[in-house]
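Consider the two complexes below, in which chain A is the common component and chain B and chain C are the respective partners.
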Partner chain A sequence: MIETFRRVLRRLGSVETTSVLIVLCAVIALLGIFLPIRTSNWMVLPFALLMANLLAALATNARLKSQSMLFAFHAALVAVIVLVGLDRLHAMHGRVEVAEGSMFDASAVAAEHGLLHDLRLGEVRFLQGPFEITYAPGMKRRETESVIRIPEQNGGWREVRVGDHTPLIFGDYRFYTTHNKGFAPIVTYVSASGDSRTGAIHMPSYPMNENKQGLAWTPPGATKPLKVWLHIPEPVFDEAKAWKFVKPTNTRLVLIDGDERHELSVGEVVSLGSAQLRYDGLRSWMGYTIVGQSMIHWIAAASLMACLALLGHVLSVLIYGSRIPAAGAEHGG
Partner chain B sequence: MVGDIVARDGAAFEAQMLGVAIVIYLAATALSVVVTASGRARQHVTLGLVAIALTFHTIAIAYRWTRLGHGPYVDMFEILSSNVWSLHLAALVVFLSLPRLQPALAATLPPLAVLTIWMWLTPAKDTLHPVTYATIWLPIHVTLGKFFLGLVTPATGLGIIVIGRRALGITLPSLPDSETLETYIYRLLLIAAVFQSLMLIAGAAWAQNAWSRYWAWDPLESWAFVTWTGSLLFLHMRPRSTARPMLSAAFSLLIFGLAFYTFFGVPFISTSPHKGAI
Partner chain C sequence: MALEPAPRRRRRSHLIAAALVLVVIVAAGVVLEKMPGSGPTVATAPQQSASSGVTPFGQAFAKGIEAMRLGDAHTAARAFDEARAINPHIPEAHVNLGFAFLAMQRPREAATAFDRALSIDAKQINAYYGLGAALDASGDRKGAIGAMRTFVHLSDKKDPFQRKAMSALWEWEAAENGATPQQGEADAKSKPEAAAAKDAAAGETTASIEQQGGAGTGAKPEAVATKDTAAAEAPAPSEQKGEAGAKAESTAVAMLDTARRNNAPVPPPLPAIADMPDALTPPEGVISIVNVWASWCGPCRAELPSLQAFAAALDPSRYRLVGLNVDRDRDFAREFIRDTAVSFGNFWDGRGVFAKARFQVEAYPQTLFLDSSGAVIARVSGTREWPADAAEATVAEILASGQKKEPK
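Our next item is the complex of A and B:
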């Protein structure tokens, strides 16, 4: 029984198995370029097998056991795989758009997270202030500086400036600005029953969708959507020159309700059946990437340990020769 | 206006320095083949020419660096230029340190000539440093990559010789036997694998910094991983191989081919985030 177990373990930990699994990992990585499997659990399988193979090899392979650096290297590799696995289980990645002058709304976050992640975005509170983005000639986006106001215990606000590389840090979460940002007309909608609500309609990302500043929008309580377009009379930028992301002036809101077309300047009101809509003004919205605290520092440390051990192995090969058993010789037991 | 003139004259000076370097690189390549074919064991003049070409090339790169304010790793021209530079430098160092392998320059420099000619045909535009490139991890990542490819390239030169001897019956007595060449291929690829692993780690650190994710299997990352598996497979297959010279030679070519495609093919075919989102 024990002998059979040993034999299976040796087979599992053999270098032949390693070679097959390395090829499998390469094939899956290559397939991932062309098929949508790279974010799927298919990626886990070859690495889990490699892990089993590695553990079995550490337990059974004579050469690994006798060469301390090689052993340390492969052991560190086990640590890296385990840590990456744990990181994936704990990680969180999300996206959210927040309009200038609005509070962050956790329910608006599109998030993906690992099984063990305890999602606590509801505790995050901040107000989006204005932001500035500079562009170099040729439409090259440079620095983003977004002003964030965080409510304090004493009732005041603390101001921080964040960007693509300077995140807003909230406990385990980090918010980074992204290229995704745009304009948000503010509208007040008074329904037939007299309920009045003011909110921001986020137009598609700008300047990426410069010519598609419109969308279908269903007013609160309404059943059918309206088509809403933002008409920007003056171009905001000249592609050949440096410019700053600014809100355009004199914008008009175009509403298409079935066959009817309405065009509103800021402050104007339109009747939509028995409801009313007012165009209050234009703000901008910023898209953030949210990253849940991960174990990257541990992964980095384990990877570095692996590299140091590998370096140690290389030095021993260069100094003492490769000490590789003669070609074809038996080893591994 | 004055700034424009300075920029234009600077670009012209750079182009002249680069032009001289290209001519000398190609002359060194041609000479390496002639010297090895004539059966001589040393390549002093070839290596001297490579050193002179490198000097001109260094001036061109340094001038561009100070003029544009960033290192040569933004567009195709810059990537080709910095790699032509680093790979020739690596070849110079490796073959000066291992003089008995010098005839193998005849198989190492021609692949580099392909890159040199490609660089020559690529327009040198002034580039702007993308914001996502403003991290210390990028130069670390790039430098480690240069060490990796710089070690794989001479190994590939030796691999071509081993395969040429076996497949075409070329004897090349000025070089050690193929078994001996194999130990050099193995050592070069083994050290290269260390740099390759460190390069991947530094790249992941950069990705974490720039896009807040350390690995996302984008096409460039996937190809870099596949190239790494090439090295791993080699290191694990070699100890048990009964035909090491051919195995190591074949892997040197495979790893070089994969690395070449990863370095110079993928970033310019795909729209991976490595290009930096605008």
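Our next item is the complex of A and C:
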């Protein structure tokens, strides 16, 4: 019985099994590019088998047992795999758009997270300030610097500047600016019942959608969407030149309600049935990508360990050469 | 001292190696995690929201519109008069002042205001409508007929006030010719529309606007059309009066548009080609040049300015250049056309269904040349130069390029 178990363990930990499983994982990874299988739970299976293969090899492979550095390398690989698995279970990735002058709203985040992640974005509080983006000629986006204001207990605000590579770190979350940003008309909508709400309509990303600054928007409490179009009278940039992202002036908000078309300058009001809408002004919005604090440091440490161990093994082979026992000596492979 | 057996020694060295791996990973992980991540901090107050600026003219004009909406013609007249004083060169200020005077039953002053508007811009269509109503109310029937005829001539056939204007003309002309218009059942139910037009101009405009569901400041000719229908179906004096109020208001809004839009007119809604599949086919002796384009297509956008100049250079008795827009959303296509000041006529073909079925167009832009039978006699796929200074030679070159006439 024990001997059978050892035989199975040796077979599982053999170099042949390793080769087969690595090829299998590679094929599945390649297929995942073209097929939606990458979201399937079955994707875990080949990688779990590979992990079992690695553990079995550590337990049975004579060469691993006889060479400490090689053993350390494989142990570090086990650590990497375990950490990556834990990382996935705790991972969180989200996107959010915040209008200038608005507080971050956790309910507006589109997030994906692992089973063990405790989503605590509700604790994040900051105010979006202005931001500056520079473009090189040919519409090449360069630096983004977004001003974030964080409320402090004494009633003041702490100002930080974040960018594509300089995150805002909030507890377990990191907020990075992205290419995604645009204009946000601020409107006040007074419903038929007299409820007044002021908010921002985030128009499509600019300048990516320079030619289509329009979207469908359903006012609060309304059942039918309005079509909203932002009329920008003057071009904001010349593609051939360097420019900075700026808000256009003299914009007008076009509202299309069925056959009716209304056009508002800043400060103007329109009646929509028995409701009213006022165009209060134009701001901009910034899109952030949010990354939950991951185990990336631990994965990096384990990877570093694996690299060092492999380096040590290579050096020992170079130094001691043929005096290293042959692989599989213990299990006769 | 006896040596340990080899397997035990190996096992111990493995444990040491594993422990070392663990220690190194933990130590490196802690170090990496404690490394600094983010930037500087500066204490500051939150940003104040931006305040918006409105010009004095815009303020006065908006005040006039709001007053009209609330039924306060006197305040509206004062506000439009103020707007007119600030900028006397905008005809719509005069037009709206005229409608305010009409609402105050001061038709002579209204006629003067409409006249001034027309002296600034002879194509101010709404001024003709108001002038007709004002002159009729002043007793100048001939003048009223002349003004209303001009309105009918200049206005779009789909203008909801066309029908009213024509009805008024019919009544006025019949009265001028000594004939009494027949009071049919329908007329007995609803006042003749000429009278409605007159009442409209003179009546309590905004009260009815409120009653009709508050088209409000943004009432547009399209919205008014709906009201017309409602009024015709269920006539009531106040509703009929309200129609003119709506007209006045829509004029006011049209003025707002014109005044603040860098002179780029809002194009009418794009007609759907699916509703009029033969609209691209030109009359005998004319060639239709149909540019199939989309606002999301960069090459199409790049081609539009040169096509526009090209279209203007063509002899309209021989060539007719139209666009066939394949955007998904008709309203947004219209806004794009307005923003880019495309002036040649366009039809809308949502997602290019018609262009694909009828002309096998699957890539944009494409420019098709159609003869009077509707057949494609030449086709330019992709972009090309459209030189305005050699427009007809370019067309001749394309037509002579040897392409076979494609079956219709």
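Odds and ends about this structure:
By our rule, the second predicted complex is superposed on the first by the 313 of 333 C-alpha atoms of A that agree within 3 Å, B and C clash if a C-alpha of one lies under 4 Å from a C-alpha of the other, contacts with A are read in each partner's own complex, and residues count from 1 in each chain.
Please note the rule applied: contacts are C-beta pairs under 8 Å (C-beta built on N, C-alpha and C of every residue); 3 or more make two chains touch, one makes a residue touch a chain.
Computed from a prediction, not measured in an experiment: that's the story for all the values here.
Model built by superposing both complexes on chain A: chain B and chain C fit together without a clash.
In the superposition on chain A, A:Ser66 contacts chain C only, with no contact to chain B. Which of chain B and chain C touches more residues of chain A: that partner is C. In the superposition on chain A, A:Ile232 makes contact with chain C only, while chain B stays out of contact range. Using the contact criterion defined above for the overlaid structures, shared-chain residue A:Leu50 touches neither chain B nor chain C, since it reaches no partner. In the superposed model, A:Val162 makes contact with chain C only, not with chain B. Of the two partner chains, chain B is the only one that A:Val314 touches; chain C does not reach it.
When the two complexes are laid over each other on chain A, the CA centres of chain B and chain C sit 110 degrees apart as seen from the CA centre of chain A, to the nearest 10. When the shared chain is aligned, chain B comes close enough to touch A:Thr18, but chain C does not. In the superposed pair of complexes, A:Gly32 makes contact with chain B only, with no contact to chain C. Once the two complexes are laid over each other on the shared chain, residue contacts for A:Leu272 go to chain C alone; chain B is not touched. Of the two partner chains, both chain B and chain C are touched by A:Leu304. Between chain B and chain C, the minimal CA-CA distance in the chain A superposition rounds to 10 Å. Within chain A, the residues touched by chain B in the first complex and by chain C in the second are 167, 174, 300, 304. The touching residues of chain A, counted against chain C in their complex, run 65-66, 68-69, 71-72, 75-76, 79, 100-101, 127, 129-130, 149, 152, 156-162, 166-169, 174, 186, 211-212, 214, 227, 229, 231-233, 250, 252, 254-256, 259-274, 276, 280-283, 297-298, 300-302, 304-305, 308-309. Those residues of chain A whose C-beta lies close enough to touch chain B in the complex are 15-16, 18-19, 22-23, 25-26, 29-30, 32-33, 38-39, 43, 63, 93, 136, 138-143, 164-165, 167, 174, 176, 178-179, 289, 291, 296, 299-300, 303-304, 306-307, 310-311, 314, 317-318, 322, 324-325, 327-328, 331. Against chain A, in their complex, chain B makes its touches with residues 128, 130-132, 134-135, 183, 186-187, 190-191, 193-194, 197-198, 201, 205, 208-210, 212-214, 216-217, 219, 222-223, 225-226, 229-230, 232-233, 236-244, 277-278. Across the interface of their complex, chain A is touched by residues 10, 13-14, 16-18, 20-22, 24-29, 31-33, 37-47, 49-54, 58, 62, 66, 69, 213-220, 222-223, 225-226, 253, 256-257, 260-262, 266, 269, 295-296, 301, 329, 331-332, 335-336, 338-339 of chain C.
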